[in-house]
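For reference, the structure is listed below as structure tokens.
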């Protein structure tokens, strides 16, 4: 991936998420709060440094994107208003957008629904596939 | 005698405006005053008296004299250009024209006021006889005939027409320029109109006001009269009478700092104002009585004393209409009459 | 003004000595940039700002005037900014009433500790004035040339 | 009217007052002037009718300096100005004797002329102030009293005198318009329309200072616009910002002190509705700081020399915010 | 016309790097009135000041403009320099081309242009300056200290030792403050009460010190050297003179269910109480909200048992009015409320406590008599987790953006003390950074790790979950190991952020002392005047100005005392000559100015006035220069412009406006 493209993607992530990764003081509270921590290859607090270092490719290929439950615990508890969950969400959107055409429309969702699914997952799914 | 149909007047205005600036009475925000004519102007020839007299066409309320600019530590003076464009004032009444004659006495005698003179030279006056004189008018008292205005061109509204008669060279020149809009008019109809106007003038309440005792030699007697003591009291010391007056010619010279330089300008002043003729040592008229007296003494005594008996009041009656305290030159004259009678 | 030239507004900021001027100093020592279009006049208190000064600034060609004082309750003179608040509320309302664009005038409370606020306020105000463009309604024509 | 003259004569005779401040018959039926009457004989020239619009309270500033008491006739609305001047220590209550006079609304010849009536020879007002008969050089006309009334009477403050030593005569309720309707109409305009409206009105201004000089709130010994002290003196009319500055600052200086007596608009030779400035401030004051009637009493602190901790912020005072 | 000299300072490269100072000099030379202009490396230096003096003498200058740093920095310096050179100090104006120009602009052309405009404005102003002379006001030789904690006590002792009267106003029933609640102090681990009590006793015994406990400052008026303060002595319901401090009333009081403020609510106290055993004064107060006598009318036990007859149910609040020359604020701190931090389960579990609560738990006079036990079941804990930065360094509105400074050290202290006394207890500390600058501080922290085996984990805790078995499940992260940690703990201790005592807002308003966004009092200069408030005569002591530990607090307390002493030692103060001045000829006598004057400095007098030949008696405004502080409120309210402010006159400000707008 070219340098310029990476830069642009990092910029996009910042724009979509509205997050200023420079505000992070590396306290780790996001990772401490994360219920999916153990399943993630790139941990929530590391997301911030990946964006800071414009290492978007690694992020995009990370399985963490799909392990995040969008429970917002990190967003809720982040003391510096960095909100790593938004970064994850933004990275996810970036990937989804690049897939192009592979969108899920709202009316496709009911058939895929399992009544046993927890609400939170639904919300998360919406956020993942809505656009 | 020429004429033009009233409905065609806008064509006449447009024709005049092609070669000169045209000033006409026009109504803006409910009031009629002289303004520079343009396509959008709502010309108002029906209102007898504009609020302000047309004097500021020749002697503007404010005008720049010169500009001083600073270049490093030196000063550069740029005089304001004199009026160099012909203009026409349309619709002036006989009293206002007499007012200009009063101003001529002041500004055209030595030392000549070059700004005023340039405007007089470039200005052509188209006068309009007063169709419906009003109760505050008293021009007759000063020997003015409002049926027969004395200007470059005189006009009368007769029926559905405006009758037009050039009286001077300037008037002829203007007539020539608009000749194709004019046709031959009826002299006798105009004469009838004049008679009609004069008949109304006779009936006006102030037309027989006596100026007895008011002349250039009456300074001491009038100045010291106790009548002033009570007369001035309702006066608010505003400048309305002086600013609507066609003859008041006092001005102040002031500087305005534009940030890039200083503009020295003159603007009308009013003898009613507390800072009128303020000098370094102070003011030589410290009470409103003195300021009030100054105005009427000037109009009826000092001015005739210096100008072969010419009064600097023309009986237009604007001050009668506009004084917020209902004071005016007529009441002053009447008060003195009453005092004389009592003696 | 030529069209190709960027509009450089003239902006007068009245700052009270005790809070806002010190806030501006803090913005300075913290190197928090704001456009050079802003020129600060030091007054003892926001209550020293006479509406005449504001109209005068507009008359002479200012495009925006901002008044900064201590936060209500924190006035060095205890009550000055309360008076200023009423005066400016009235004046601004009148300016709006006669058809002057909203936003040419502003009051902002900036404490001595709010260097960041001072800087962001000025950046924001300059941006607002730039969006409004040159002040044509309040200026004196004589000052324009 | 005769009752007023009789009472004035009494008070002069028993030495309660040294002079009477009232209105004197003019030389036309519509132009009475303000006058002092020093004795019974002079009082024969006294007049009180619909044309006696002048608010006499401001004249008391000078009258307070004279020896002895001055009897003054105040209409209900004038009494507010009187109180306001008392509050500002500009007049001496002990040197005035106030007779409140009834008022059925005041009229002006300007309004009659506005109806297209020219060459007025005389004006007669009927007993009940319902109709006016105008004799003119061009025929007789009848005008409804209300059509000749000053703007201020259509939004009259009320029939009560807020201060007086005695009251003579009945007043009439003349309100038939909404006081702030015009202000609201302007407020609803777009900025460009507002600007155009005020530009058209104010460009008529000839800087004659009549509005200022008649105003009971503009009682400064020397106005800032006359003073050479601050480089704020103005005299020129340049059809530019100067007039606006004069009128805005004047309105600001009288804000919270203006009783809305309407004299400014009455005297303006160019018919500028100057009260629209003052009334805007009154409306704002009422809205932001609570109902306030300047001159209702002679003690309450004015809204601009007062505050509360949670006053409206200037940015919220304007409609769109700042 | 003035003869003005303009002096442009390079301030090393601070100004000169962004402002072309030579060009500024060249341009301002042509300004009206300017007869001299030059630049110099450092105008504030001896040599720079000498340049100014030389120019004043040689060029006969009548006014000078210094283009330099903020007038708040060096206006006084240049005024003094001008005065030494024979010029009135108020003929000096400063154009602030550093803070307001060079430091915030990058473009040299733009910054230079702005510097010229700022200089022009100052020149335009100085053209209209007039010499002013400072007046004098007297100094009341008595100081007020607001707050009776260690900061207030130390300040009071230092001022009193210098021979001046000092009053301490303390809102609680005893002096002592937060320090009296602490068990041990770092880094020496000596007992807090052992070092504090002697100071308290000394203050109480000092003949120059008067202590008002259970009292609050109600109203402050006046100004530096001459403050008048109303102190509300709340009704104690106990006669201070009669009470012997025997304590029987407290024993016998039947109402014993009120949470003890001193023990942070971890234990109860009686309705009549002294907060702690060593309280000074050792005179109890009756908490009228808790007392049965006040609540029901029935009881009166304390009055019955008091042999001295000191109980007085009728006592009323009393207002004491006193004059002071100087006021020291020492209002201290409290810990923040943790209501917004649900994740730490503070409100859910009794075993999650704040560090200040742990101090009480560890203290022998505390609710557990000094035994480390779980407050839920009294069991001895085996596993304790400390969480750092709870509410500190937070940029959202749940906490505070600043570092509370003392937490790292007291947590190390707690961990060490626990490990020392109970070696069977495991202690884990979750931290973001360990901040230990200070003498012997880092050594102290390392001892906790190295000698006492405290487990420090770099990373935050995300959640504390109370378990059904009564334990606490702590979910944190070890950032160095990149692992999430789940730890079962018996107790969790939160290093809670500190904030200024809430009472400070009201006090700051009364004193017109400025306060920052975090409610810390603002110092006059962050570096050079750290113990003075911008409000003259008001000094700052202790945490009310910013987070500090005990040694720093004591040091600042001493510094504040010295500043106050420096003020009290003067007999007279020069007053600000920039006061309001009425023009009697223009004054209408309308009283508008007097209505808005916050100092009551304006009165009216009927005087014979000669107005250009008109002689008449007029009511005209008079300004008391000692009272006027120069705010200018009166000048704007005056419609005729009769009232003007010297040094900031209408003409001067208009001239500045014109210069900027041209």
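Here the chain labels run A, B, C, D and E in written order, and each chain numbers its own residues starting at 1.
FYI, a residue touches a chain if its C-beta (ideal position, glycine included) is under 8 Å from a C-beta of that chain, and two chains touch if they have at least 3 such contacts.
Treat the numbers as computed from the prediction; the structure is a model and nothing was measured.
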Any chain that touches chain D and chain C: B, E
Interchain contact steps from chain A to chain E (minimum; 1 if touching): 1
Chain nearest the global centroid, as defined over all protein CA atoms shown: C
Winner on C-beta contact pairs when C-E is weighed against D-E: C-E
Taking each chain's C-alpha mean as its centre, the one farthest from chain A: B
Distance between chain centroids, defined by C-alpha means - chain B, chain D (Å): 30
Separation of chain B from chain E, taking each centre as the mean of its C-alpha atoms, in whole Å: 72
Rounded Å distance, chain B centre to chain C centre (Cα mean): 46
For chain D, residues that touch 2 or more chains besides their own: 222, 224, 230, 232, 238, 304-306
Two or more partner chains touched - positions in chain A: none
Interface hub residues of chain C, defined as touching at least two other chains: 51-52, 56, 60-61, 73, 79, 83, 87, 140, 142-143
Pairwise chain contacts under the document criterion: A-E, B-C, B-D, B-E, C-D, C-E, D-E
Interfacial residue positions of chain B with respect to chain E in the complex: 70, 72-73, 257-260, 282-283, 286-287
Residue ranges of chain D in contact with chain B within the complex: 26-28, 31-36, 54, 118-121, 136-138, 200-201, 203-204, 206-210, 212-214, 222, 226, 228, 233, 235-238, 266-267, 269-272
Parts of chain D lying in touch with chain E, wherever the complex brings them together: 65, 88-90, 218-224, 227, 229-232, 253-254, 301-302, 304-306
Partner chain C, residues of chain E touching it in the complex: 70-73, 96, 98-101, 103-107, 110-111, 113-114, 117-118, 121, 508-509, 512, 514-517, 522, 534-535, 578, 596, 598, 629-633, 635-637, 645, 648, 650, 653-654, 656-658, 660-662
Contact set on chain E toward chain D in their complex: 583, 585-592, 595-596, 604, 611, 616, 619, 637, 639-641, 650-651, 654-655
